[in-house]
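When the chains are written out, they are named A, B, C and D in that same order, and each has its own residue count from 1.
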Amino acid sequence: MKIRTIGRHGREGLRNLSRNGWMTFASISAVTVTLLLLGVFLLLAYNVQQFSKQLESQVEMNVYVKEGAARADVLELERQLKSLPELASVTYVSKESGLDQLKDKLQENASLLEGLDKENPLPDKFILKAKDPQLIGSVAAKVQTLPLVDKVNYGKDTVEKLFKGISLVRNSGAVFVVGLCFTALFLISNTIKVTIFARRKEIEIMKLVGATNWFIRWPFLIEGLLIGALGAVLPIALLSFGYSYLLSVYPSFMYFNFAAVDLVYSVSTILISIGALIGMIGSVMSISRFLRI
Amino acid sequence: MIEMHDVWKTYPNGAVALQGVSVRIDKGEFVYVVGPSGAGKSTFIKLMYREERPSKGSIFVNGFNIERLKERKIPLLRRQIGVVFQDFKLLPNMTVQENVAFALEVIEASPKKIRQRVNEVLELVGLTDKAKDLPAHLSGGQQQRVSIARALINNPSVIIADEPTGNLDPETSWDIMRLFEEINNRGTTIVMATHNKEIVNTLKRRVLAVEGGQIVRDQKRGVYGYEN
Amino acid sequence: MIEMHDVWKTYPNGAVALQGVSVRIDKGEFVYVVGPSGAGKSTFIKLMYREERPSKGSIFVNGFNIERLKERKIPLLRRQIGVVFQDFKLLPNMTVQENVAFALEVIEASPKKIRQRVNEVLELVGLTDKAKDLPAHLSGGQQQRVSIARALINNPSVIIADEPTGNLDPETSWDIMRLFEEINNRGTTIVMATHNKEIVNTLKRRVLAVEGGQIVRDQKRGVYGYEN
Amino acid sequence: MKIRTIGRHGREGLRNLSRNGWMTFASISAVTVTLLLLGVFLLLAYNVQQFSKQLESQVEMNVYVKEGAARADVLELERQLKSLPELASVTYVSKESGLDQLKDKLQENASLLEGLDKENPLPDKFILKAKDPQLIGSVAAKVQTLPLVDKVNYGKDTVEKLFKGISLVRNSGAVFVVGLCFTALFLISNTIKVTIFARRKEIEIMKLVGATNWFIRWPFLIEGLLIGALGAVLPIALLSFGYSYLLSVYPSFMYFNFAAVDLVYSVSTILISIGALIGMIGSVMSISRFLRI
């Protein structure tokens, strides 16, 4: 293929956009709507994953120190805990602040604990967070073996339920996003197919006057790429503005901070790639059946 | 050179269009294909540039074995043949000049040469002033002439024309025939299906009469030969 | 009866197709419209059934004022006119018989009558054996005859035919012409654009010669009149 | 229009489906994918709404009875509470069971409360749920005025946060569903438009041989209706099977029970209506521009 032919195909692809004005509009808008949908979901899904991660990261375990341990021994235990690579954080809670926390928890019933300040029956404890919350069980077992550790408690049942819930949300989120990606792929390539089908006679004519398959494909390929890319413009713009607006209105939701605006850039990259790629591949593939003349 | 040996063509719907056609057309010949409507003229012609494939028999065109021709080589065959289609087959989204230029673009000719040749052939068929119009904005005869111009543009060694004057007035028809004569004189083979008795009987050339899918007459300097 | 008063037609792209055409065609007349390619014959004809609208001037067909005609009444006009289109205009997804029947279905004729008339007209144009084929599976001339059959089927009071024999061999052309003659003898107005000198000169009827968008000749029992 | 013409239009619409085989397939499958997406979301959104309602319904208030109230007075208070039309449930919790509940709550620290069994300092209380949890604040104010009521507590801050969160989820869910409905409408009518655009020449021809606008529209209308309805079949089947399967695997998620299979029937009705209606309306509307000849 000569260089000037590449230019010719580019011009031709571009010109076809306006020649098929109405069809071009219809396909670009179908791509737009599909990608907008996909984009919204990618943003949502990413935030849900983040949210579930954050929930997970709130899982902690209480390590109770044996009664009567010396101050120095407790410090040694803290050192040992801090040296464990599996742990993300180690917080020491003395029996006094433990009692204060309990009072907070009991709210209006705090008076129940009033008499206890003088002879505090609570043990000292450490609150630990694991780097990988999913492994909290095995970390707990390991910590249990340390000297001076009386009891380890991480609310096994609740945590397991939580993990099950999180993994359900995560998995269904992933299934959703994958499903939606395929839906987008299908809808975009379907639209492109239909528009090419409507032009099958043209393709046959080109073939009959001596064009090679690739000579015919190139302009369609470029046209498809442009349709896909143009179809991604509006969704990207809307998502960027929309998401930053949303962030400014709701910077956080309950305990959760939404992912930063940067996320939109990743999503935009995905959208424009999907648009352009599917536009291109869809064109080339749909043409093939009409080239057999 | 075009050669057919015992060629049969049955369309997928069962219509039998050709039944054992054998013929040899030498380089530089001028051949009329005549016969009643539905006789098989267009089918006969379509086999030559492989728009249709024979159900049986073998066909050679300019040394290409049409039956054995690899997919990839088909464009090479078609570039040696200029075809005037009975239904014009113009690209609806391209202007007249783009349509005509297309046959040169496929062989990657230089833009300058393309421009020059396009002007030449549009001049020949008298459509210079319609160069920038779309086919849908032309009269029937004008569309036919665009199809003729496209068939001529890359100086093919064979021109196949399916009723190229069907939509033209007699005067324009004669202009086109003079053009064909001239091109033929320069050595181009011409195969032309036609219903134009006057032309066939005046410009006496070889006549292939097709009837019911068979060649029923092959005359050196023949006449149209169907009486009304 | 068809009447035009100073009709002009300029297409949106600027092409001037008709320039001040005035003519009166009485009921039962048989009129040839002749002229070179691009003269404006098809445009002249398309105005009569309102495929195109005049840029200026007034047109009356069977008492309908084409310019003032309400959207809703257009089908009524068209049902009184049988049109053979230069480019056939067959419905690609319908078989031959469905295409032909369509013109009767729109007037909600009974299925029995439709079946009967379809067979009749297909017989008339010699396509009985192609009744169940799609237009794409027909030869050029066969498609043209389907278009003719459709124009005849509902016994219109006016038949407008744009080069109805362009794709037909002389013999079939004469069959069609005899058919038109017969229909005309029964009182049907016929307006026919044609390039067929032989027909015009043999079946002498009124000739309207169009050139450059103007009627340059209007002869009672005229001849084709263009010399080659 | 004669009766037999209605039949003719029906047959014609049906026949067009097979005549335009490939186009029909493309449009039906676009409708299928779009409605499937919509269906999944309707099911999801409904369940999320249910979930948020259920969360809401867990909001309760504690009503503490004044110390030293006679048994009969407490019963009278209970009667009064039960007669309040705003309340959905009234549960009496004696000081003894109150203490037991507290012990459960403190888990491993329950020992702290050990000495209290003999001289239980807790008041008796009622746990109330409002019929409309959103009105819990005003209900609390009303209950506060009753005689013998010492304190009313419903965790104002937490509850308000929860309600804010729920309304965010609800509103965004509604926006989503509405947006997705429009997306579906757009994609389906767009597909239909494109296929009709590809057949504009046919429409013009029909017009030229004397067909009225409605004579042309009817078969297209029926065709569009069939495409829309057929496009709804697969989504309905998939959703029915998929949702009942899901229910059999996860009958509940955390504290939440998924809505019953009946929901699928409502969703199916919505899908088939949208499919058929948009198919029909889309056809008729897209045709109009080509009828102007």
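Of note:
In the analysis below, contacts are C-beta pairs under 8 Å (C-beta built on N, C-alpha and C of every residue); 3 or more make two chains touch, one makes a residue touch a chain.
Since this is a predicted model, take the numbers as computed values, not measurements.
Shared contact partners of chain B and chain C do not exist in this assembly.
Looking at chain A and chain C, the chains that touch each of them are B, D. Put simply, the C-alpha centre of chain B and that of chain D have 66 angstrom between them.
Centre-to-centre spacing of chain A and chain B amounts to 61 Å, using the average Cα coordinate of each chain. Between chain A and chain D, the centres computed from C-alpha atoms are 25 Å apart. In chain B, there is no position where the chain touches two or more neighbouring chains simultaneously.
Residue positions of chain D touching 2 or more other chains: none. Taken pairwise by the contact criterion, the protein chains form one closed cycle in which every chain touches exactly two others. Screening every pair of chains for touch gives A-B, A-D, B-C, C-D.
Residue ranges of chain A in contact with chain D, taken from their complex: 22-23, 26-27, 29-30, 33-34, 36-37, 40, 62, 64, 102, 105-109, 111-113, 116, 121-122, 151, 153, 155, 161, 165, 168, 176, 179-180, 183, 186-187, 190-191, 193-195, 197-198, 250, 253-254. Note for the complex: chain B touches chain A at residues 49, 51, 72, 74-75, 78-79, 83, 85, 89-94, 102-103, 105-108, 110-111, 150. Here chain C touches chain B in the complex through residues 11, 13, 15, 34-38, 41-42, 86-87, 133, 137-142, 144-145, 162-163, 166-174, 195, 197-198, 224, 226-228, going by the rule given at the top.
Contact residues on chain D toward chain C in their complex (touch as defined above): 1-2, 4-5, 8, 16, 19-20, 202, 205-212, 215, 293.
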